[in-house]
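Quick one: this structure, given as structure tokens, is what I'll be asking you about.
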Amino acid sequence: MQAMQILINALVLGSLYACIAIGFSLVWGVLNVINLIHGSFIVLGAYLAFGLYQSLHLSPWYAIFVAAPLFFALGYVIQRLILNRVITAPVLVTLTLTFGLDLILNNAMIYFFTADYRKLTLSPPLGSVSIAGAVVPVDRLIATATALLLTGLLYLLLRRSRIGRAIVAVRLDRDAAVLMGVHVPSIYAVAFGLGAALAGCAGVLMALIFPISPLTSSAYLGKAFVVCVLGGLGSVSGALAGGLLLALVESVGSTYLGPSHATTLSFLLLIIFLILRPQGLVGRKGFE
Amino acid sequence: MSASWVARCLRLSVPLGALALAAGAFAGPAAAEDVIKIGAPLPITGPLAPEAVKQQQGYDLWAEQANKAGGINVGGKKYKVEIVYTDYQSNTPRAVQATEQLITQNNVNFLFAAFGSGAAKAASTVSEKYKVPTLAATASSVQVYDQGYKYLFGTFTPNDTLTTPLTKIIKAQVPDVKKVAILARNDLFPLAIAQEMEKSAKDNGFEVVYFEKYAIGTLDHSAALSAIKALSPQWIFVTGYTNDLLQIRKQMVDQQMKAPVVSMIAGPAYQEFIDALGKSAENVTSAAWWHPAEQYDGKDIFGSTANFVKLFKEKYKSEPDYGQASAALCGALFQLAIEKAGSIDRDKVRDALASLDVTTFFGPVKFGANGQINSLDPPVFQIQGGKPVVLFPQAIKQGELKVGVE
Amino acid sequence: MTRSNIALLILIACVAALPLFGGAYALRLGTIACMYAVLALSWNVVGGFAGYPSFATAAFFGFGAYFAGVLMGKGWPLAAAVVAAAIAALIAATLLGAVLLRLRGHYFAIASLSLAEVLREVVNNATDLTGGGMGLNIPLASGSGVMAEATFYFYAMWGVMLLTAIMVIVVAQTKLGFALNCIRQNETASSMVGLNTTLAKSIGFGLSACFVAAAGGIYAAWVHYIDPSDVFDILYSVKPIVMALMGGLGSPLGVACGAFLYLGLEEVVWRNYIQIHTGVLGVLIVLLLLFLPHGLTSLRFDRLRRRAKHA
Amino acid sequence: MPELLRLTGVSRRFSGLQALRDVNLSVAPGEVLGLIGPNGAGKTTLVNTICGVTPANSGTILFDGTDITRTKPYQAARRGLSRTFQIVQPFAEFSALDNVAAAALFSQPGESLKSAREAAREHLAFVGLDAQADQPAATLTLAMRKRLELAKALAMQPKLLFLDEVNAGLNSAEVERATELIHQLARSGITIVMIEHLMKVVLNVCTRIVVLHNGHPIADGAPREVISNPAVVEAYLGQQYAQRTARHG
């Protein structure tokens, strides 16, 4: 009974984690950039959903359609104007640059929205349902479904569309892609835009579930990190696998060892994975 | 070549040194004679930023009132008040630095302590060194006052004064309660209060079936809550700050957790907690150091509690909570002490604070030997109909305890 | 000894004169500046010489602070506790390095970052020893007066900075520094010419941890009260990197200048823009990386040489 | 004659791909062994396996009487196994001198930075790079970098030297110069195993040839014998030989 509840909790939470991480993973895999603004993008998405619901009473389901293009544009522009200038620089430079950008965005959000915690409460509330003897909140369920849907869409985009295949080509072998006539800077910009759009959509979904404040961005970022490493970089299925594994470890650890050990456990797992299986659960071996 | 190069390096280091010195020499203008400056290091940015806003509202309200009345009367001469804010980024080392900066660079006369127990404690070593009287508006843990400092005073009673009356009320009015589950944020104040709760629960014959800490910044509590649910305790006691408690309460609802009694400290006293949760906040019990329903007739600048609430509402269009009230109280207490000492000499004001025994809008104020206030009965309250309703103390009781949180 | 290293020692000697000019607050800033210089110079051994993007500085700092703090709580004198913390960090980091430094690039960055997270949670949960989330009190040495204490801690931190600078200079001029340089440029080729890369990297990692831990220990004694989220703050990892980038990677003089310049800027920005200082700092970082990618050193004569090389 | 190097049943797999299959090989002191075979035959993998970069999955490798099957690359290097890379691997920011000094410094116990630099000068002079000693390696031409590789390998005072396509990408004048260098090395008593596509060079320099095909030696013997071995020629060598000699001949 309780085991079932833990399992279901972990499944739902794992999908949310995957949703948080997938844009981060895409950017990391394709651009080889650890995008530290990712967490703030998610929060910004959550504010967008909150603002639209408060002012226009626009439900978060529709807010996704607003968020996706907006964030895509934002990401595209940031990549084109700023990040692209240092894209070939060493890890440290790109990492520190996104750190600086994150400071700016986060401070701007605190300045304009204040750091107060807000909550998007749907009226009427969605409540919970029972599945196989376990209680599952409907909002999480819907968020999970949407997260899976978004993940699926991304997968299709990468597999089926021309631009998607170009992105995958750049990820696997940048030089070969150049020879094949792919214009790498625009692929980078599109991939970064997609990463931002996914973060924005994730933010909209998170608004339903977690309190909203600029201060939560680092928590999202931390999860994205762990999920990416556990699952394997840049692959859609990797983010899902990593999210589920992380959620499972956290849930089980927190139930049997106490919640304060859940974080320790997840980071220990991260280090172990880095050392023993740096390609992650799903990833291929052989790239750094 | 070599010599000229060294010279070049030296030239480079000169502007650097100059910059550092300039940074150090930014001393504010020397304190004008008719102004009393009080330094307030606040976590204006970083995770504690929402709390800083509350503190600032309280301080500003007091300063505005004091200046409106012409200033503080020091032996017949009126002094205006000025509050000097600095941001310590929710970072304790910064708080220490900010405190020293306020003392040595901004030449403040007195200090409001940094927010919360941890930072107040760390920064108090500095104010103690400089012998600057410091009032802590938000430091309740006795550990803050266990260092034998003479210049630190706090307006929050020890944590057990919150948990003990709460436990007593529950024991008297809800005989079904046998098992208690405690979930605490692993942080100085929330953890300290959870430990007090555990103690007072055991003293009153309850069985503590669950006591766990969660890490700062935990996003998801569903695993811990499922574990608690499986134990079916009658009383669930959770500590943390507003965001933690919002999350936990929401996730309790998600998991359809019900219990006769759910207590949370320190979120429910804040209006934003009730606003954000709506119906799910109903019947959550809590305790705080002050409540707007209190009815004291004080000798301080605000006078009665009702007057304070009125002034606060006029300025900020919202109900004051204990954080804002305590901040305003700290200002009012400095004013009382300075007027009593008839001087702005730090030692005299310190002695005046130590010997203070006065009723304020916040309640009776008298500091114990360690500097912590020991004269207050913090109210226990419950959210009923979207409002906090006082259950204790008897004198200001507004309603009866309602059992059952869904 | 190279000219730039002589200049570094001159700079450090100049800093020592601070107590002649400044009051207690200037000394506090000076102590913090020395502390960050220790962090940045130490980071430079792994990050600048060996080219490994280490984010482990916070882990070592917190480790040192708690190790020394706990010992002082048990009655050890400051000096002994700090030395013990430094040695413990040296050993622990050397051993850890052998494992972690097998990773490269982003993977190493994340592993080193996680190190601080793991240590913080371990400290958080070892309540009996460390006080956990309640923090750790470090007993006051004695009430020796404001200026005396400020001067004492300033010179303690300055001393660690001097030792760190000497260590970095010595490393740079010996086989180890040469080895780390080789590793940065081409690790495969390094091992093919007979260099035990794992050993060299581990020693480098250990040395970079050792003085950071000492700084952490002094810091703990200085502030009397530490808690896990303060001393394992990720900013202790990030700031030294920004400082090193600001000053110019690899050059000890540049890194030390970068540390002082960064703190100077931070202090000015912090004072003048209470609400938006982190944003202003972010703008500075972004501008720095976009327009001065090699830090202060790109303002120096060797800019032309670099240009020539990149051409 | 005692053997310097002896491989017994060495195999190496890369996730599904059998790169080396049951390789038995011995090298005598003073030999100049040519290792030939088409692309992908496993020549470079064989060198990597001997040097410890990609350790063997099975089999044993004896070098100078000791088992080095499991040694790490740096240990192999210190024992006197040195190599050049097919794709040159200089320390790009270092001067040519420091590149060679690094090799001398780390392969010889007790060498100091100063003595290593002194030794490095001699080796640079030997390969004819003394004029470029202070130039950063990144600025050298390909031919110079190849010679730099050689100087590095020599600075390690090898007992056994692997030359991995030292002539690839060089023009014929440069090839001639490199061949002369190899002759000098061989005369100085260093045992050499060279991977080489240029049959002219192989026939000119080598005392023995081993042909590797799909990770397995298929022929071993005196150069003239091996290339006239009908199996080798018919299988693939003839075609290669024809092409190469036509291009460079």
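For reference, chains read A, B, C and D in written order, and residue numbers begin at 1 within each chain.
In this section, a residue touches a chain if its C-beta (ideal position, glycine included) is under 8 Å from a C-beta of that chain, and two chains touch if they have at least 3 such contacts.
These figures come from a predicted structure and were not determined experimentally.
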{"item": "Set of chains adjacent to chain B and to chain C", "value": "A"}
{"item": "Identifier of the chain whose CA centre is least distant from the whole-structure CA centre", "value": "C"}
{"item": "Rounded Å distance, chain B centre to chain D centre (Cα mean)", "value": "73"}
{"item": "Where chain A and chain D are represented by their mean Cα positions, the distance between them in whole Å", "value": "48"}
{"item": "Averaged-CA centre spacing for the pair chain C and chain A, given as whole angstrom", "value": "31"}
{"item": "Separation of chain A from chain B, taking each centre as the mean of its C-alpha atoms, in whole Å", "value": "35"}
{"item": "Interface hub residues of chain C, defined as touching at least two other chains", "value": "121, 124-125, 275, 277-278"}
{"item": "Multi-partner residues of chain B (each touching 2 or more other chains)", "value": "45, 186, 213, 215"}
{"item": "Residues of chain A touching at least two other chains", "value": "107, 222, 260, 263"}
{"item": "Topology of the chain contact graph, where touching chains are joined (line, ring, star, complete, other)", "value": "other"}
{"item": "Chain-to-chain touches, reported pairwise for every pair that qualifies", "value": "A-B, A-C, B-C, C-D"}
{"item": "Residues of chain B touching chain A in the complex", "value": "45-47, 49-50, 53, 183, 186, 212-215, 217-224, 226-227, 229-230, 242-243, 246-247, 250-251, 253-256, 272, 276-279"}
{"item": "List of chain A residues in touch with chain C within their complex", "value": "28, 32, 34, 82, 85-86, 89-93, 95-97, 99-108, 111, 222, 225, 229, 260-261, 263-264, 267-268, 270-271, 274-275, 278, 288"}
{"item": "Contacting residues of chain D [partner chain C, same complex]", "value": "51, 53, 72-74, 77-78, 82-83, 85, 89-94, 98, 102-103, 105-108, 112-113, 136, 138-139, 152, 155-156"}
{"item": "For the chain B and chain C complex, residues of the former touching the latter", "value": "2, 5-6, 9-10, 12-13, 16-17, 19-26, 44-45, 85-87, 89, 91-93, 96-97, 100-101, 103-105, 118, 121-122, 125, 129-130, 143, 147, 185-188, 191-192, 213, 215-216"}
{"item": "Complex interface listing, chain C residues touching chain A", "value": "47, 51, 53, 99-100, 102-107, 109-111, 113-115, 117-118, 121-122, 124-125, 238, 241-242, 245, 249, 275-279, 281-286, 289-290, 293"}
